[in-house]
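Below, each structure is written out as structure tokens.
Okay, so chain A shows up in both of these, paired with chain B first and chain C after.
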Partner chain A sequence: MELLRYIYRRLIQIVIIFFVILTILFFLFHLAPGDPVSRMVDPNLTPEDAQLIIKELGLDQPLWMQYLYYLKNFLTGHFGSSFHYGQPVIDIIGNRLPNTILLFTTSIILSAIVGIYLGKIASWHKGKKTDTLMTLGALITHTVFLPWMALIMIWIFAYRLGWFPITGMISEEVWLNPNAGVWWKMIDVLHHMALPLVTLFLIHFGSYLLIMRSSMLNTLKEDYILTGRAKGLSEKVIRDHHAAPNAALPVVTSVGLSLAFSINGGALTETVFTWPGIGRELVFAVSHNDYPLAMASFLLIAIVVLLSNLVVDILYAYLDPRIRY
Partner chain B sequence: MNADRLSANKKILKRPHWINRFLEGWSIYRKNLLGKIGLVLLIFFALMALSSFIPPKIDPMYEPMAGVDPEISKATAPSMRHWLGTDFIGRDLFSQLLVGARIAFLVGISAAFMSVFLGTAIGMIAGYAGRFTDTILMRLADIIMVMPSLLVLLMLSALFSKLSIWFIVLFIALFRWPGVSRVIRAQTLSLKHRPFIEAAKVAGASHLRIIFRHIMPNVLPLSFLYMTFQVTSAIIIEAALAFLGFGDPSTVSWGMMLQWVWKTGHMFKAPYWLLPPGICISLITLSFYMLGRAMDEVLDPRLRKEGENY
Partner chain C sequence: MKNLIKNALFIISAISILTFAGNSCSKNEEFRMLKIGLPEEPKTLNIWLASDANSHKVLSQMYQPLFVRDPDSLKLIPWLAEGEPAFDEKSLSYTVRIKEAKWSDGSELTSEDVAFTGNLIKDFRIPRHISRWDFIKKIDTPDKRTVRFYLNEPKAIFLTRTLVTSIVPKSEWAKVAKAAKESEKPLITLLNHKIESPLSSGPFIFKEWKQGAYIFLRKNNFFFGNGKNIGGRLIGPNIDGIIFKIFGTSDTAILSLKKGSIDMFWWNVQPGYLDDLKEHNDIKIFSNEKNGLYYMGFNVRKQPFDDVNLRRAIATLIDKDFIISRILQGHGVKMNSVVPPGNQYWCCSDVPKYADGADRKKRIKKAYEILSAAGYTWEIPPVDKDGNIVSGKGICLPNGQPMKKFTILTPPADYDPLRALSGTIIQEWLRSAGIPATAKPMAFGSLIQQVKGRRQFDTFILGYGNLDLDPDWIRNFFHSNNDRTMGWNMSGYRNPEFDSIARKSSGTMDKEKRRKLIWKMQKIISRDVPYIPLYNPKLNEAVRTDKFEGWVETLGGIGNIWSLCTVRPK
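Let's look at the complex of A and B:
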């Protein structure tokens, strides 16, 4: 019951934050130097069509009316048409969203699990060779410049060794082949996903490992660990059942706090690997002055960040009942 | 023997207080291997930044942005004339790499300084004022914290066309203060009800005087620590922005060099061009990070007791 009330409260906060972002974006669009009309209307359209869109977006109205139009269009999913693709923006980003979520969630979950596991082991061997190696490795992979690492991965594993495809998410010969079954297609996507996934994983797991390690070292000083030892529990039980679950809590918090950072990294990874996700679409739209597409991609990314924050918070509240009150 | 120790003690007492604190901190820092490595690397990068002025003086073709070797018009491998080779129009990569160090320090340190300044000020005000001010400032911090700063900068560069390097620095600072302000606020809250603050209030000190005279000296070491971590993230954000092609077009940064090698399709052909800028960005962030962790240990005695020496 408390959990539900907590979720409800967080949802309201998220709606307010999103509304603020929406409003700031609107004013930035209208107050930035240059003509806001030319930003929202495709320069390649005929004057009649352009007039139609101006009507639809309310660009001939006073600013506050435009703002209301903007909110209405947002709520009904009218983002306008992309200049580059000539399609409704909502279709394009709706198409890209699953790809981003697939890559993003897999990489975060994978790196959190491995980070927690390795952090636990490192703390257990504190001061020994295993620990030193793991900490150093985590520090280095964590601070490597992500796009550069992506380029190196492509260079070594796709270009030199030829193990993985260089770009994209699917290969046409598989997807156009009528005989190709679902499994075949799935393996094809996984084959394309391997390099971006490994890149994101390497960047993220290090910080989780370091947090888990120091949190574990703090937890091991707690009285209940001493009690466990006094009861004669085995070291393995103490480590895996008494210390680790409590020590993992700060990692969950840090996953939430680093979400914005992960989204930045996700956009860079998608761009370098030409993975057809929203982050890449945003970069593409910005470099081609495709404003409607850029705006919608940005708003969608904001929604993704806010909702994944919510998921992390719920997970945390579930794991740590103290939060709910 | 005894007299020796006595004179040594006198010498320590004679020195100003802050020098003693510094020496004490240094003796702890010195035992940290990673901290030492970080410091050595940073000195190396600082030397790179300083020597970036030399190559253009030798020959105008070593000008990192405008200088082109008159005999070369494509990417060439390292040679005696060009230690790291040349890029796709015959510009010297070594002098570009040197200038990159200057830009990295410039962006990193100025953005970090500004964001820490903002974060410390806002954190102290929020923590000290409490109530309504606190709520508003911390909600604002929450909103900024969940925004992916790189993508916001992308949007801004779409709206304001090419951003200059100072614009980028300013925006990084505006996006990076919330983390600092949360920590400073927490520290301020714990200081607020200590007896010495109460005493200052009773003595009739104004709010401003209490904040600047009594609270600030106690939170500054923490801000200083956060500065090293802010430098890291500022350098990364600038490099990523330049890598995507939205950097300041009038500067040569390491991110820009990577953007050129990537966009001109040389990444499979020219490892001498692909490797150095990436290694430099990664190493400079790593060394600031190690510096921060080592300083963490100096400032937080709890970490020291664990006997962590890396």
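Let's look at the complex of A and C:
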């Protein structure tokens, strides 16, 4: 009952915070220098043409009126059309978002699983070679500049060795081949996904490893670990059943938030690997003053992050019975 | 440890299977298609919304104009049209006869389609197109293959720009136009209309667009030019189709070209890649001039830039040869007039060239002479009493007021490193003569709004990569009518003599007479220097030579309709 009351309270907070974010975003984008027409450096575009476009896009209205229109449209489920593509932003996001989720969510889950596992091992062997190697490896891969790493991966595994495609998400040879079935197409996507996935994995697993290692080292000092040893439990049982579940709590927060932010994609990764995700579109929309597309993308991120915070909090109570709301 | 080894082996086997399966399935069937890399995804297949270069690259294979430029002479030659337009002075009309041509659905391309295209542009006042149709009074279609354009007044751009408009099918657009007209926002409704599969009158037809991956065009068997000789060239297409592949960065596109995943990268290859590419026997670099203009502009509405002597002195201090050799690494052409030299017919070479070829010392001395003669003074002049060059300081205007610090606005280096670097080097050259300039990179959208919208600036460096071959844009850029918010006369240049010649040039239909007027306009601009033309970068395009041949070079590179109609498998 208390938990339900807590969720109810948090949901009200989320709605309020969401509308604050919406308002800030709206004014931030509209007050930024430039407009969708200012980038059209075509001498054939007369001032009258530019004015006509501005008028038809409703950008000649006072800002507060534009804001009210936006609110009204938003509450009725209309997110508008992209100024750049001329298509409903929902369609554009709907087209790109699954690709981002496929790559980034998979990479975060994979990184978290491996990071937590290796973090557990490293902390158990604290001060030994295994620990040093794992910690050093995690630090190196985690701090490498992502585009550089991506290009090196492409150069070695795609260009030199030819194991993977250089960029993209699909091959035209497969997708234009009428004989290629669903399985071939799925393998083709996985084949294209391998390099960006490994790159993202290498960049991300280190952070989970380090968080888990640090958390485990703290947990191993707890009294109940000593009690476990006194009871004669095996080292494996103490590590896997007593220390690791308790140490994993901070990692859960980190993974939860990373999963939420994964829908934002990564403009750099998506650009280098030409992965048709939402990250590149987001950067493009902001730099080209494509307000509807930029607003909708950011609002989507905001809502997912807000909700995932709530989910992480609830999950906390589930994972740690000591926590009650 | 055992588990770790087991897991590692499992991962390695999975990767091997994936690699083998992926590579084998992608080689299942080899298509004989020309694969072209694009640097960005085209934004739309709606020709009226398509203001980006990449959409144009795809759409230009489908929608065709009545006339096109010959790649060698750059003269307009009939394409969809059967012959030259017939002029009737009395009715101020042009009659054009159309070739027998079909749309990709097998229906006939008629004069109705041409008239419909013109009327659609006029009815909706479609941005970027209306300026070349606004002066058309009426379009008649005496028969299926004859179209007659009645003009309100003589307009030179009718021949060079109106007649090169891409023709759209009435059957496809009439319903769209009707629905748009009835909507609350007709223009936006028209621009936002999604074209799923456009009809084509060109060499290729649209087949499929996989967002973020590729666009596939197949050979159009109904193409009017198939197997014909046009402009002395045997027209194909000689390939089964084109696959436009999208790349996020030039790095990966170049790697794909080297690897053979694409046959051409339709974008300027930066000089840094050229040496590496030249080492590959199967790759050829085509280097051609663009019809571009990169320049420094002044805000002549305000002090001190309203003084032509200061503008000339700045022009004298700028060493264009240095910019081309050091910043462009030799991949550019020096510009003295606003019309690029590659546009041979219209470019006037007889214009003032400020200290052309002079070294730094001579430039500073010459600039010092110009400014001193105009009444400028210095705390420390850049040339001492013995004629030695020293670091100038404290320049004062002829009215005795110290010259205020001013900015040279440039796009940021991540947008265009050449313009950003040019701004920095010009800043140093001006400072050496005691002129207090500071280069300031600014986000492109903000820069345009500052210069074109707010008109609050001192000087700027901007450029156009692909201007129209008909230099009517000079009128746009410098006519006093366009000195207004969002107008193209960004410098605020006002000269009644120029205005009068510009007006006359736009209504002169005789090409030779018009050329003389255009030359006069260039001379006036070079004399008054509201803009200092700097350079026109060369376009380096890379293709593989092992599978295809027959690329056609012209001003603006090999990416043109001629190339794609003549390129053939080896």
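Just so we're on the same page, the second predicted complex is superposed on the first by the 221 of 325 C-alpha atoms of A that agree within 3 Å, B and C clash if a C-alpha of one lies under 4 Å from a C-alpha of the other, contacts with A are read in each partner's own complex, and residues count from 1 in each chain.
In this section, contacts are C-beta pairs under 8 Å (C-beta built on N, C-alpha and C of every residue); 3 or more make two chains touch, one makes a residue touch a chain.
What you are looking at is a predicted structure, and each value in this text was computed from that prediction instead of being measured.
Judged by the touch definition given at the top, the superposed model places A:Ile21 against chain B, while chain C stays out of reach. Judged by the touch definition given at the top, the superposed model places A:Glu172 against chain C, while chain B stays out of reach.
Residue contacts after overlaying the shared chain place A:Arg96 against chain C, while chain B stays out of touching range.
Contacts of A:Trp184 after superposition: chain C is touched, whereas chain B is not reached. In the superposed model, A:Pro33 lies in contact with both chain B and chain C. By the touch criterion stated above, A:Leu57 is placed in contact with chain C alone, chain B being left untouched. A simple residue count on chain A separates chain B from chain C, and the partner touching more is C. Judged by the touch definition given at the top, the superposed model places A:Leu319 against neither chain B nor chain C. Judged by the touch definition given at the top, the superposed model places A:Asp49 against chain C, while chain B stays out of reach. Of the two partner chains placed by the overlay, only chain C lies in contact with A:Pro276; chain B stays clear of it. Taken together, the two structures place residues 33-34, 151, 154-155, 159, 271-272, 287, 289 of chain A in contact with chain B in one case and with chain C in the other.
Listing the residues of chain A that touch chain B in their complex gives 17, 20-21, 25, 28-29, 32-34, 127, 132, 135-136, 139-140, 142-149, 151-152, 154-155, 159, 217, 257, 259-261, 263-264, 267-268, 271-272, 279, 282-283, 285-287, 289, 291, 294-295, 298, 301-302, 305-306, 309.
Remark: chain B residues 34, 142-143, 145-151, 154-160, 232, 236-237, 239-240, 243-246, 258, 262, 267-268, 271, 274, 277-278, 281-282, 285-286, 289-290, 306-307, 310 touch chain A in the complex. By the touch rule above, chain A contacts chain C in their complex via residues 33-35, 37-53, 56-57, 81, 84-87, 95-96, 99, 151, 154-155, 158-159, 162-177, 179-180, 184, 187-188, 190-192, 194, 270-277, 280, 287-289.
Chain C makes touch with chain A in their complex at residues 15, 18-19, 21-23, 25-31, 35, 41, 43-44, 46, 49, 51, 125, 127-132, 185, 187-188, 191-194, 208, 210-214, 216, 243, 245-249, 251-252, 255-256, 258-259, 261, 443-446, 448-450, 452-453, 462, 464, 467-468, 473, 476-477, 482, 484-488.
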